[in-house]
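Given below, in the form of structure tokens, are the structures.
Two complexes come next, and they have one chain in common, chain A, joined by chain B in the first and chain C in the second.
Let's turn to the complex of A and B:
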């Protein structure tokens, strides 16, 4: 509960040329337990998945993803956007047990 | 002589007809394995609108060893006419709705991830545009070993 204390690996350049495509790659450590597997005691292992990923850039929400059990364990996600201003890139990740993770990086845009 | 003639007749006539009638069905079975049914899923997501092929591109390997982690990427075809949302559906998974992504500029309408596939199926990406248009791209992915086989018990769990 509370804050997700998961390792997050985020690949995002610190600097980009104005108008260029910036790729954002994210690797999260999470079981993404589907809720369909049966454990050693014969009971279903309860679902535990990441549900939401939101990306904002320069105070604009640019991507909002709903993740489902079909996303593989330790999710990898790659997104891209056009660099148009120097600003903060913020990632917000939530799971279905109320845990949250926030990661912020500064992207400097050079002309 | 009479026997040889009949065999030729069989080969030339009946045999040919047989291959002609059997082959399309066999090919159909091989190239379009169980597709599952997305009609109900589409209805739940898009109401009465039905996506038609085009506008989005789905890239995925056509043959995968393990359904536990399959790399996929999906994107809108035309950057000047970007879809506002992308969906990924796997009709034969326990839950066919796999992913939904909404984009706002300056984000590009594209993403890559890794997914689970429980069996061979027609993986389908759908794009939805702001004006309500829907487009899809579908790829049949042959899965040798599905994601729903429990590694510890070797049994199917759904």
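Let's turn to the complex of A and C:
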């Protein structure tokens, strides 16, 4: 249920054992243009980067990242956390031109 | 013959005598063989290979009708895999038009004639996504050596292009990709110039690029004037490279430096 033009590949297991480490993997299509480069017409290419990545699990925020220009295009991001309760994992990504992505997946924790 | 030679010894020989070396004697190899372990792993990763973003997008475009009352690609062709046998035979000779046609050309032709839409521009996200999705469906199939008899002159011109010195540097494709394959060019290892992984995700570009973009890039690198996308000389070169690389399996989307 992406809301606006941020193509993404998201990998998260649907089920995990209680207490196990789960990894969330993310591949986003984005130019990550630094704003420092000069184009073929001699003009500066305007900055266009992802700025925010937030991940919540259940009712807790488990990651809140401010992204900077020094990241290559089409960034791959991965983070891991301990599965302790069945709950929704929500991913929010924003860039500096208003594009947003919001994805929600259910993580079922089995004893 | 020496069954085992250390790469260092070979490189020394190469630099002192100007003799080419290959990673393994004789058999043609995909550019994959010239990558480091990290990039090999990235290409093989079914999640993190960045080219897969275009595969996803291409799959969506394949299903989508470009305008009301206009058939989607899938309406006529079914699954992209239905064309997998065709992909390794491209570019091929079209007897009706008496010209070579490659994958980009065929898609653009379909867009204008069957979908009555303006064809997607070369190197546009849409065209890259569709070509990547189609070639991805054919991965594992070997490039075909088949060349129609009518295309023999085009094949010969393609080989002539490959062997002709060009640009201010006066280098031919064959100089690097045959004579010095496997040698170092700055931090890079020179590959054999195979086309089995296209469109490729190239780290230098930070995006995907077609075979013709790579030809243009190479031409510019030797300081020659590049031809336009889809130009006759590039189609002939593409035909020759397909023929030359026959038996190497397709591996789209490949990751390259």
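Observations on the structure shown:
One rule holds for everything that comes next: the second predicted complex is superposed on the first by the 108 of 111 C-alpha atoms of A that agree within 3 Å, B and C clash if a C-alpha of one lies under 4 Å from a C-alpha of the other, contacts with A are read in each partner's own complex, and residues count from 1 in each chain.
Rule of thumb we're sticking to: a residue touches a chain if its C-beta (ideal position, glycine included) is under 8 Å from a C-beta of that chain, and two chains touch if they have at least 3 such contacts.
Everything numeric in this text was worked out from a predicted model, so none of it was measured.
For the composite obtained by superposing both complexes on chain A, the positions of chain B and chain C are free of clash and fit together. In the superposition on chain A, A:36 contacts chain B only, with no contact to chain C. When both complexes are overlaid on chain A, the residue A:68 reaches chain B alone and has no touch with chain C. In the overlay built on the shared chain, the residue A:76 is in contact with chain B and with chain C. Using the contact criterion defined above for the overlaid structures, shared-chain residue A:9 touches chain C, although it does not reach chain B.
Of the two partner chains placed by superposition, only chain B is touched by A:57; chain C is not.
Counting the residues of chain A that each partner touches, chain B and chain C differ, and the larger count belongs to B. Seen from the C-alpha centre of chain A, the directions to the centres of chain B and chain C diverge by 80°, a value given as a multiple of 10 for the model superposed on chain A.
For the pair chain B and chain C, the least inter-chain C-alpha distance in the overlaid model is 6 Å.
Within chain A, the residues touched by chain B in the first complex and by chain C in the second are 72-73, 76. Across the complex, chain A meets chain B through its residues 21, 34, 36-38, 40, 55, 57, 60-73, 75-84.
Only residues 68-70, 73, 88, 90, 93-95, 97-108, 110-117, 147-148, 150, 152-153, 157-158 of chain B touch chain A when the two sit together in their complex. Against chain C, in their complex, chain A makes its touches with residues 7, 9, 11, 25, 27, 29, 31-32, 72-74, 76. Put simply, chain C touches chain A in their complex at residues 47-48, 50, 52-53, 56-57, 203, 206-207.
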